[in-house]
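Letters A, B and C mark the chains in the order given here, with residues in each chain numbered from 1 onward.
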Amino acid sequence: MDLAGLRLILEEKHQGAVEDAAASPPDNDELLLNAAFLRPVCDTLKHHPRLSFRLMADLCCVDLLAWPGFDPATDKRFMLVYHLYSVAHNRRLRLKTLAGGDDPAVDSVAAVWRAADWPEREIHEMFGVRFNGRGDLKPLFLYEEFQGHPLCKDYPLKGQQPVVDLRAPLPLREDPAHFQTAFEKAYFRPVGLTQIDNTARLPESMLAEGALARLSQAAKAYKKRHGIDGQGLPGPVRGGGDHERP
Amino acid sequence: MGEMNFVPSRLDALVNWARRSSLFQYPLVTACCGMEYMSVSCAHFDVARFGAEVPRFSPRQADVLMIVGTINHKQSRIVRMVYDQMLEPKWVIAFGTCASTGGMYDNYASLPGVDHAIPVDVYIAGCPPRPEAVLEGLMALQRRIDAMTGSATAVVGEYRDREE
Amino acid sequence: MSGRKDDPRRLWSDPPAGPPPLAEGLKPLGHDELDIELGPAHPAMHGIVKLKLRVEGESIIRCEPEVGYLHRGFEKTCEHRRWTQCIPYVDRLNYVSAPVNDIAFCMTVEDMLGVAVPARAVALRTLLMEAGRIVDHLTCLGASAMELGAFTAFLWLMQAREEWYFFLEHYCGARITTNLSRIGGQPYDLFTGFEAEVEACLKKTEDMVFKVHKLSTRNRIFHDRLRGTGVIDADTALDLGFTGPLLRGSGLDLDLRKARPYLLYDKLDFHVPVGLHGDNYDRYLVRLEEIRQSASLVRQVLHAIPEGPLMVEDPHISLVPKTAVYNHIEGIIHHFKLLTGGHAVPAGHWYKAVEAPNGELGFYLVSDGGGMPYRVRARPPSLYATAGLPEMLKGQMIADVVATFGSINMIGGELER
């Protein structure tokens, strides 16, 4: 069944759920969903006999803050991507949905596919997106004292965290006062630690006055130049595909 | 220690020889270097020839703490706890570049070298280091142990005076 | 914690005074119950997973894995590297089968670029992927056998693995983290004696696997430890996101090499072993048989590698030869732009999955048109396997934890990236 047929089935049951579709067979067909319909659509996708997407291969999130043409005033910042696979029909599908605003949140699909449980915890700690309708969203990979959401685009790569102070002197084994032989005294040279100041800070351009307003204007200009209407989300690469077999 | 007489220094050498030839390792294996650790312990590269093939997974029974693989901030507490539980004399080998300096991971999560958490005796570079490099590092540790003074003759608590 | 309170080397605060609060939904301990934590510094937990168990005697009532002890920031780091520079990072995901990760990543980027890799490179990649699969299964079976006490099996399988490491070192220079594929094809060609060396590796592998099979498969202790432990049925496994030997051990034959073929798999002849009961013993048998099937695949490819170039002949994708770099201005320009700017992958996103030894390894890459990826996501089979561990350990005993955890082949680099 091709993507159009799939979309018809979904639209019969859930009016207005599918906002957009992009076909890129065989593996990269995708649907853009309205976030309010996420949970019912996923239920249908899993249980409808002609769809039967019983394997949720992956769930991940993309922060669109640095995406060309992203307008922080109007666009939603986080794109959640679900990769599904149907064993019965040997078919893949990608779902996209958006979350944004001050408290980005979507419905959890952990009740549909239990595989979604840990990825949702990971997305919450890495991006800050909340998932409604599930148990507690405990951090998965990060330690308790961690502050911030590291995979967001405005978190620096080398953010410093208050567990191990990297600027403290290294714990030494020998006390140099106890060295006796000339060999030891010559051999042991305490290496000075470079004072690296990598305390967590936002990139300058994000912090400056009016930065977001300038970003907004730049986004509008980009959209006008490229003729993009609406959000201009990442879509399947045009011309992409398995070129080894025609 | 002042001047060493012949017999005490020979006793020290005997104790040092015993220690360096029967190192019980604690391999705290986290990542890819663990594969090379397995290769070193197995038949072809055979760390048993050096007397160090016995992994003791209790820090109370181990001499050498081998930090094998990347250490991140979350694991640094664990590393410190394991190190503190070991009894003297103890040594630490940082196995691989991630354990020595953080390697290719320079970000919010990983520690730039396990020596920010515990003192290290021998650093073995490599990503992962070849088994021959690991054995060379082990031999370097053995030479260091051979050079220890006061192993047999020092009063307990005096020769390694660290506030612990 | 060591040291005095004012010791400047103290790194962390004191532990809390009372017991920690109970997790949400957890009842207080019953009469015979005990909360124990297995790991993370534990040999059977591979050093990086903490299992919080609530046990009654030896039976496990509740199990909760805590992970994150090897989180290395792979995804964030790749956003700051050029496409080719991501390949060593990708190596270190499932580090026991690095060739598979390299090739999968390169295939995904090539799909986005819309290039077809030459046939010789396709054949080499198939061979190397199967070599990676053999190495992974040898390591998994060896390590889990050792954790059960079968040290001889470990030594024998490691001996076979050593041969493959020598071969990989001869091919690409590195034993474990191989970095042996590039976007656009293969950078390294066959060497003199390639076929003989691969044949020697295969022979050693088959010998050792047969010896381990003779020693373990009908061994009473092995049977008692593995048969009936860590059971999971196919429906639950699929719901939990299991793929690979975990899913096939439960009876569902999903193998991406057959279902959605890539490289040369639709032209090669091989079987996919499927288990019946979904317990540790079936997964052990599935992996053992997969080694033999992979060996057969390697032989088929070995005798059918076509002649031809190894890299796509497009200077915007593969590096131009050094003679051109040193003698022609276009050569040096292409070289410079490719190395400093990175591949100009068209904007958009793409997902491609291969059948890694652990299951479905998918790469979801987002490009904004520049030389660095916008987002790199590796779909980690180990994440779903470890998340499903509590389900597999329901009603089991502490000794079964070791057997089950060894059989899911959790690789920390992939689980926590």
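Definition applied: a residue touches a chain if its C-beta (ideal position, glycine included) is under 8 Å from a C-beta of that chain, and two chains touch if they have at least 3 such contacts.
On a predicted model such as this, the values are computed, not experimentally measured, just so you know.
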| Where the centre means the average of the CA atoms, what chain is farthest from chain B? | A
| field | Pair sharing more residue contacts (C-beta pairs) when A-C is set against A-B | value | A-C
| Whole-Å gap separating chain B and chain C, where each centre is the average of the chain's CA atoms | 29
| said: Roughly how far is chain A from chain C, centre to centre by C-alpha average, rounded to an integer in Å? | reply: 22
| query | What is the distance in Å between the mean C-alpha positions of chain A and chain B? | reply | 40
| field | Residues of chain A engaged with two or more neighbouring chains | value | 141-143, 150, 155, 157, 163-164, 168, 171
| remark: Residue ranges of chain C touching at least 2 other chains are 11-12, 68, 71, 73, 76-77
| said: If a residue has to touch 2 or more other chains to count, which residues of chain B qualify? | reply: 74, 76-77, 106-109, 117
| field | Residues of chain A defined as touching chain C within the complex | value | 26-28, 54-58, 60, 62-63, 66-68, 81, 83, 85, 87, 90, 92, 94, 113-115, 117-119, 135-136, 139-143, 150-151, 155, 157, 163-165, 168-169, 171, 234-244
| field | Sites on chain B touched by chain A in the complex | value | 1, 73-74, 76-77, 106-109, 111-112, 115-121, 149, 161-162
| said: Considering only the defined contacts, which chain C positions touch chain B in the complex? | reply: 1-4, 7, 11-12, 40-43, 46-48, 68-73, 76-77, 88-89, 92, 95-96, 139, 142-143, 154-155, 158-159, 161-162, 165, 175-177, 412-413
| task | Using the touch rule from the top, collect the residues of chain C that touch chain A in their complex. | result | 8-9, 11-12, 24-25, 67-68, 71, 73, 75-77, 79-80, 110-117, 122, 236, 238-241, 243, 252, 254, 259-260, 262-263, 345-353, 360, 362, 364, 366-369, 374-375, 377, 379, 383-384, 386-388, 416
| message | Using the touch definition from the top, list the residues of chain B that touch chain C in their complex. | response | 28-32, 34-36, 38-39, 42-44, 55, 57, 68-70, 72, 74-78, 80-82, 84, 104-110, 117, 127-128, 130, 163-164
